[in-house]
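Note that chain A is present in both complexes that follow, paired respectively with chain B and with chain C.
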Partner chain A sequence: MGQDPILTVDNLNVIVTTPYGVTQTVHDVSFKLEAGKVLGLVGESGSGKTMTCMSLLKLLPEKAKVVQGSIKFKNIDLLNVSTEDLRKVRGSEIAMIMQNPMIAFNPVRTIGRHFIETLRTHLPITKRQARKMAVEYLEKTDLPNPENVLKQYPFQLSGGMLQRVMIAITMSLSPSIIIADEPTTALDSTNQLQVLKQLDKLREEYNTCILLVSHDLGVIAQLADEVAVMYGGYIVEKAPVLKLLNHPMHPYTKVLLESRLGLTRRKIKVEKRESVSRPNLINSEKTCPFLERCEDADYTCSSYNLEFKEYEKDHLVRCVKSR
Partner chain B sequence: MSLLELKGIKKTYLLGNPVFGKRKSVEAIKSISLTMEEGVCLGLVGESGSGKSTLGKIILGLEKPDQGEVWFQGKSLYCLKAKELKELRRNLQVVFQDCYSAVNPRLTVGEIIAEPLRNYERLTSVQEKKKVQELLEIVGLCPEDIRKYPYQFSGGQLQRINIARAIALKPKLIVLDEAVSALDVLVQVQILNLLAQLKEEFQLSYLFISHDLQAVNYIADRLAVMYNGEVVEWLDDLEQLERLKHPVSKKLLSSVLPLYPGIL
Partner chain C sequence: MSWFIFKRLTSLIPILLGISLITFILLHLIPGDPAVAYLRASHIPPTDETVAALRVELGLNKPLYVQYFEWLGKVLQLDLGMSYVSNNSVWEEIVVHFFPTVQLTFASLIFIVVISLPLGMISAIYKGKFVDQFSRILAFVSVSMPTFWLGFLLIYFLSVKLDLFPVLGRGTLAHLVLPSLTLAFAYIGTYMRLLRASMLGNLNEPFVVYARARGLRQRLIVIRHVLKKSLLPVITGLGMSFGNMLSGAVIVETIFAWPGMGQLFVTSILNQDYPMIQGCVLFMGVIFVVCNLLVDLTYSFLDPRIRWEGEK
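Let's look at the complex of A and B:
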């Protein structure tokens, strides 16, 4: 703490135009990233995690738009930056690790071409130097036989290997921020552990800050320093990782923690039906997104204006019940 | 008589195009024998590429093994006439990992669930509709969903539809090939609870294929660990997971992330 944050997101609001009307997918999201720290973003599908990540690099789909808020990277205002300047930031300063490595690579180009292209776009080096660098970084991610990997096509590698290649590419440009959007969801559990170890190494060696997105609190707990829980487009709870695990305050966080399978054979009670996450139209009143599923909800909830409440220092909760 | 019996199953795949010289071969399954009793959920875990899914396909009769026999309900699956095989197959159903590609996007939910019924049972359209609505209720969806199309559902809901289709004919064995792996943590628990409840209700048996030891541990009665086309370890009592000895099983066990930091 104490140092200046590298990335500051303030009051971010994103809307999406759908055939049924305009919906808001990100509500008043604010967070800071500091060097060498990992912020975990947890939430179920449709909670706005990916939309938040995408808006950081202006990668939102056409129908989505940032309507309010600011994103400051060092001293650059990312929302009002020219395309030219944004290109310099993308990749070399803020890099992204995608969820599905199988789709993120171009299937008709070799790994080597991907790697060399990326390096040469950002650095003034020759092909041969780039190739040497590529081998060096692939070795760091413990991929066997890196020379050979460079010659192979994406479909010849497994998902876990591809994800490690992706990490190697991001590492090679030593960005100050890595956005890892569900980096381990598409992988099996043994690969998941290895990818997490790589990310941890990255953070330690290069002092990179990571925005780690996942729906699995187990993944987040291993790596993150601070956790933000998202639900229905809102950050409903934000706290340092141990505080969140030991004293979850928001009812949704509690549900998430209880539904971890783990290795005990106890039966977990959850609602039998899934809630249908309806898009909340923009004109609808501002109510707690978790209201319908909440077990503790009562009359006080309907008049709640969704202000953040400070439960303890650094521990913010968006629930009327917390005090 | 056990429900399912595999004897010395072996399966090799050939890779590459025969035009470009000799083809490489991959031994997906080296030699597997196993028996499954009725009403049991057998968990099959292993890393990706260990042959779990191939074994599932062989049991379903979708891939022919190079060697060995599959006995289901006392009949050998690969020595039957087409007509007998069809009759046997109504007791064998499957739920896949990718719920979106497992359904035809142009059919309504009603048609998707009715497909097995149309293949095996002669029902009038009124009976069929009633039956489909019943099935939707059983898996926790609304009867009104019958007219909707797959894209109108979330992954978890669509997986429920896949399950409804699988139980439509009251089968004996359902192969669940990574059925919950693509779902969110909360939805995973919901689907697993549903599967456990259906198993009791309809006396089903499951072959639960997964890479996730947590999910298998939650639902399975017995456990088989696969590696490189072989079953390397059996565990009959899942209360004693710590008894797993084989290095592969240990690796899987240690890759389960605890809720608290400290594994890295």
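Let's look at the complex of A and C:
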């Protein structure tokens, strides 16, 4: 606390044009990233997590557009910076770890080429120096036989190995921010733990801040300092990790936590209104996105303007019922 | 890699045997007696005696399998027999006519690559813009325009009216331009659109997003990442077209009086020159197979996934 945030996202709104109409996938999202801290972004598929991440580096697909809000990195306004300046920020200042390592690498290029081209894009070094650096950083991620890994093609490595290669590439440019979009989803549990340890090491050694995106609360609980829960494009609750896990305020957060507890006790809780599908985001009016699935909903909800409520100083909830 | 090549080469043997067998049988299925045809070509009236005598001389009275093995043995020594019409060695005739065709094919290939690949790439990057629209129209024109008509148009405007290129025949480099452009034109549209579609597919792949997230320059992403992967289907197609063109472009060669394989083949059919037809079919078959082999090898060079499949 007290230090200047490295990244400030304020009031971010993203819309997507589909053949069926215009959908808003990110609503009024605001958060800050501080050095050495990990912000967890949690929510189900389609809740707007990936869209939020992608808009930070202007990597949104063609159909999606940021319509409102600001993203400030140090003193750079990322939404209004020139393409060339933005390119320089990508990878070297703000790095990304992709969701599925198996398809993030070009199948017709070796790992070495991927690594070296990244280093040489941002640093004035020769191929040989870049190769040496690559070996060095691959060693740090405990990959066996780094020289050999560089000669391999992506399809010759396992998902876990590729994920560690991606972390090595990320580390090598010592960025101030790492966006890790579901870094463990495509991996089995042993590899998951390893990757999480790597990320933690990174944060400790380089004082990097991490935006950790996951639908898995277990992953978030391991690493995050603060958690933002997303639902239907909104951040519905934001709090330090322990507060959120121990005193969830938003009904959706409660459901999310319950489903996890249910699993650990070996009886899977089936959600009561399973017939209710995901929120229909197209042309919906500004109402609570969780309204239809909420157990506590009543007449007060429909007139709620979706302002954040401050439960405690650092615990924000977007629910009219919370008090 | 060497193992892959070895495997591909050994798999050629049954294919080549198959080609030889089909070529051989084909001729015996054609209506008309080769002996009669020979006599007609030599202007000797085909009476029963002359036909019978010739059948013995040509070995046509022996059982079919004996004929096949005798023929195959000769083929392996590059002895494809004598032409009924000119009495020259078939092999030598083919060699003489093959070189102009090779020349024409390579010149066309250069036109195809130089025109269609850059246009395809640019229209993928500027999808929906003017360049893309223009290339779309060009592609329609290219695939739907009859070759003979295009050939005559080119001759009329560029040779007769503007006197830029010679009208017919073979000789200088200038003689090569119009025939090869005519031959290439039909392929240009296909490969332009093929590369465009292939690149558009790859431009939205996650590996491109990751490349951009790593801050790579746009030019490097397009050329090193997207283009290389997108060329794969184009190479396959080009290899097959290459084989096609090498077996002779009958229409183009006829229009421009180009003394290539296509002309040789058509003339030998019109003359019922059986050994020549047989020789041409066999030769084209082999050329086609070899081209496909070359494509496979290029492919494995470009796409490591195929190379590694082979080594497993």
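Here is the rule we go by: the second predicted complex is superposed on the first by the 303 of 323 C-alpha atoms of A that agree within 3 Å, B and C clash if a C-alpha of one lies under 4 Å from a C-alpha of the other, contacts with A are read in each partner's own complex, and residues count from 1 in each chain.
As a convention for this text, a contact is a pair of C-beta atoms (placed from the backbone, for glycine too) under 8 Å apart; a residue touches a chain by one contact, two chains touch by 3 or more.
Everything numeric in this text was worked out from a predicted model, so none of it was measured.
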Task: chain B versus chain C as contact partner of A:Gly159, first or second or both or neither - done: first
Task: Touched partner set for A:Lys321, first chain B, second chain C, both or neither - done: neither
- [ ] Considering only touches as defined above, state whether A:Ile103 meets chain B (first), chain C (second), both or neither.
- [x] second
Open item on the list: Under the stated touch criterion, which partner chain does A:Leu257 make contact with: chain B (first), chain C (second), both, or neither?
Closed with: first
Open item on the list: If we overlay the two complexes on their shared chain A, which of chain B and chain C does A:Glu117 touch? Say first, second, both or neither.
Closed with: second
- [ ] Would you mind checking which one, chain B or chain C, touches more residues on chain A?
- [x] B
Open item on the list: Quick one: is A:Arg293 in contact with chain B, with chain C, with both, or with neither? Answer first, second, both or neither.
Closed with: neither
Open item on the list: So in the superposed three-chain picture, is A:Gln192 touching just chain B, just chain C, both, or none of them (first/second/both/neither)?
Closed with: first
Task: Complex contact set, residues of chain B against chain A - done: 47-49, 140-141, 154-157, 184-190, 192-194, 196, 211-215, 217-218, 238-239, 241, 251-264
Task: Complex contact set, residues of chain A against chain C - done: 57, 59, 61, 87-92, 95-96, 98-100, 103-110, 117-118, 121-122, 153, 155-156, 169
- [ ] Spell out the part of chain C that touches chain A in their complex, as residue ranges.
- [x] 204-207, 209-217, 220, 224-225, 228-229, 302-305, 308
Task: chain B contact footprint on chain A (complex, rising order) - done: 44-46, 158-160, 188-193, 196-197, 200, 215-219, 221-223, 241-242, 245, 255-257, 259-263, 265, 267-268, 270-274, 276-277
